[in-house]
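Two complexes, one shared chain (subunit A), two partners (subunit B, subunit C).
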Partner chain A sequence: MSDFTLWDIARGLLLSARWTIALSLVAFIGGGVVGLLVLLLRTGRGHALPVAARTYIELFQGTPLLMQLFIAFFGLSLLGVDTTPWGAAGLALTLWASAFLAEIWRGCVDAVPRGQWEASSSLAMGYLQQMRHVVLPQAMRIAIAPTVGFSVQVIKGTALASIIGFMEISKAGTIITNATFKPFTVYAMVAALYFILCWPLSRLAKHLERKLNAAHRH
Partner chain B sequence: MRYHFNFGDVLAYYPLLLKGALLTLELIAIGGVCGIALGIFGAWARSYGPRPLKMAVGAYVEIVRNTPFLVQLFFIFFGLPSAGIQLTELEAASLAMVFNLGAYSTEIIRAGVDAVPRGQIEAGMCLAMTRLQVFRHVVLRPALQKIWPALSSQVVIVMLGSAACSQIAVEDLTFAANFIQSRDFRAFEAYFIATGIYLVLAIFVRQVMRQIGIQLFPRKVKR
Partner chain C sequence: MPLIVIDNVHKHFGANHVLKGVSLSIEAGEVIAVIGKSGSGKSTLLRCVNGLETISEGSITVDEVPVSTHETHLRELRLKVGMIFQQFNLFPHLSAGRNVMLSQQVVKKTATDEAERIARDMLGRVGLAEKFDAMPDQLSGGQQQRVAIARALAMQPRALLCDEITSALDPELVNEVLAVVRALADAGMTLMMVTHEMRFAREVCDRVIFMHQGKVHETGAPDEFFSRPKTPELQQFLGMVAA
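This part shows the complex of A and B:
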């Protein structure tokens, strides 16, 4: 029987951290793109599309991420797609993140004074033009801090992907525990690794919030 | 080959789903009550406690908020026994939920506590109230009232997060769905139905929180 040193455990976890980061990036960027589309539908004109976008957001915010992962994992294969944990986790986390980001950004769009909409509308701008040239540039400033804050949620969310077999820090932690019988040490290190990934982002979000808020309040 | 959906097979297990849903509600009831209590204590400690306690609570909040619930759960259930603390699945899950919600509500309630105007605290002191009385009667109530919506959302988020407890064999709603799909291989249907039940639970918990809010704070705040 071979012995595992602390460094062996740390190396295994650090190597798997690459996949946590990769999945987080995919979910965050994908979620941003889809979230922007949902945002446009949500704040757009008409009746049906905003309601549809709202339902989409409520569905993803009102159900567990774990269930969304399971449905993506088993649902994709029903559609005849050869499912891998990568595909299912990427899809589920992207859609999940898009719902949350759309809702966060909607709050920021709402925070732009109504007069801005009216002024741009009286300049004969269409909805997309208003968004592109008038509203989004102002909303983006408010959105930066909560968006950075949400990236922490995304990183933490990827831990659940381990349950559908995606190989990342938590999964590696379970595997290493099974080999070393040192759950206390291993899970403490797993937690520490997540902390190292998330804490700087949390601090950054708080810092940005303070800085941008101060500028906002003049 | 076309797949034929069969929700009936899954729905036939309704007693199991119901039992799971009840356990999920039980978990969030324990987690909600104790977690918010812990949050009130944490908010007090962060704002008025002695310096070492302030720092300890700050560290606790940062650690919980920057690590995944699943890892906290695994640490408590798998890790603590080797430190001599043996817990059943249910105890570990409850503890993890209290621990988790406690940190978030500390941060949320503290925001409310900070928003109470200084003058009110001084006025309370002038009436010869003790520090604790001032906190209880002057600070806490308006603070909770102000942040109640945010706290309610957090309770729902923790309830949805409790799905992870199935991973340490707590027989909650997710566990029921796992069990059913392992029996009849109707994975998609089982998770689909469980997801629907979670949605209903989320709406239910939100309503319960709203009602508690109405009971606790009958008067509207004048702004």
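This part shows the complex of A and C:
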């Protein structure tokens, strides 16, 4: 049996980090697009669509991400859809992220004073026009910091995709542990890699929060 | 036919019966002051005229367009009636000029250079021609309110609703806003204003409406109305305001 140097382990983990980053980007960008649609339904006019959007958000917030991954992976294949770990993980994380982002952003939209809606309504603007030109530009300032903060949750959430066989850092860690019998070394390095990905984002979120709050107070 | 017709309007907020059968007709070019204690329903009445509040019963038409809950009709109506708010409600992320341009471009699809020309024209009318590029938080309250008036005028409405537009202003800034309103009145704009400025109402308005407990309690031409109030409620209210 061959000996693994620390570098061998690190290289294996680093290569798999590409897939953690790729899955995170897919989930975050996909979640952002779907989340914006859910937000528009959630804060829109009428009764049925906001209720449907709220139910969507509550379903994804009220169930473990792991179950959502299982359902996407095994459920879809039961329905005859040909799933791959990539497809299932991308789908589940996108929907999961969209629910959380929609809810974060709804809070930011609610923080825009009612007078802004009334003024734009009285100028004969429709809902989408109000959202696009009046409300979202103001809500976005408030949303930047918590959105960047949530990206950390997305990165950590991708670790669960290892369970359905998606080859990212955690999965690579398990495989390398099985080969090297050095669980402590390997998982410490796995944790360090997550930290290197997440910590700058956490700091950025804190920094943006302080900066935008200060600008707001001025 | 009068420009604004309010017919037997009722409004409930839950169990609270705020408007109890208000009827009122306003001719084109008329300037109306609505006065009354807080809670008398005067602001609610104003907000019903452009559909910011839904009415529980009765009807309102502006220039023969009925106020309804239907989105398309409501927007057609709101092109005919502008509104100025107590808290100005300028869009804080846009310059004064862009505030005046936005709805022209978005709602009326006016070309950018034409919208800008109108915006400069309207800002000039309210005495703020040089503030086109100023952000709202760089303007005084009085200036912000004048931008809000320019913004409403840029849509070329048939009538303007003014909801206590000087109540949030420092006393020394009230007159610059009232001067703009007075100029509008002189130019023939139809105005319906909820106000606490009794002297202004007396000097500028054609008719004064006293709201009391959700009803039009007394109405008349300003001289008669202020010098010889008929009902004890109006006498008492005017006594309180004068004191």
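The rule we apply is simple: the second predicted complex is superposed on the first by the 217 of 218 C-alpha atoms of A that agree within 3 Å, B and C clash if a C-alpha of one lies under 4 Å from a C-alpha of the other, contacts with A are read in each partner's own complex, and residues count from 1 in each chain.
Assume a contact is a pair of C-beta atoms (placed from the backbone, for glycine too) under 8 Å apart; a residue touches a chain by one contact, two chains touch by 3 or more.
Everything numeric here is computed off the predicted structure, so don't read it as measured data.
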*Put subunit B and subunit C onto subunit A via the superposition and say whether they clash or fit.*
fit
*Touching A:Ser151 in the superposition: subunit B (first), subunit C (second), both, neither?*
neither
*Who does A:His133 touch here: subunit B (first), subunit C (second), both, or neither?*
second
_Looking at A:Ser120 after the superposition, I want to know if it touches subunit B, subunit C, both of them or none. Which is it: first, second, both, neither?_
second
*Put down the vertex angle at subunit A formed with subunit B and subunit C, C-alpha centres only, nearest 10°.*
100
_Once chain A of both complexes is superposed, is A:Thr174 in touch with subunit B (first), subunit C (second), both, or neither?_
first
*Does subunit B (first) or subunit C (second) touch A:Arg45, or do both, or does neither?*
second
_Taking the superposition on A as described, I'd like to know which of subunit B and subunit C A:Thr94 touches: first, second, both or neither._
neither
*Return the chain, subunit B or subunit C, that is in touch with more residues of subunit A.*
B
_Superposed arrangement (fit on chain A Cα atoms) - minimum subunit B/subunit C Cα distance in Å_ = 24
_Contact residues of subunit A, present in both the subunit B and the subunit C interface_ = none
*In their complex, what parts of subunit A are in touch with subunit B?*
59, 62-68, 70-71, 74-75, 78, 152, 156-160, 162-163, 170, 173-174, 177, 182-184, 186-188, 190-191, 194-195, 198-199, 202
*Tell me, which parts of subunit C touch subunit A in their complex?*
50, 52, 71, 75-76, 78-79, 81-83, 85, 87, 89-93, 102-103, 106-107, 148, 151-152, 155
*Using the touch rule from the top, collect the residues of subunit B that touch subunit A in their complex.*
3, 62-63, 65-72, 74-75, 78-83, 156, 160-164, 166-167, 174, 177, 181, 187-188, 191-192, 194-195, 198-199, 202-203
*Along subunit A, where are the residues that touch subunit C in the complex?*
45, 113, 115-116, 118-127, 129, 133-134, 137-138
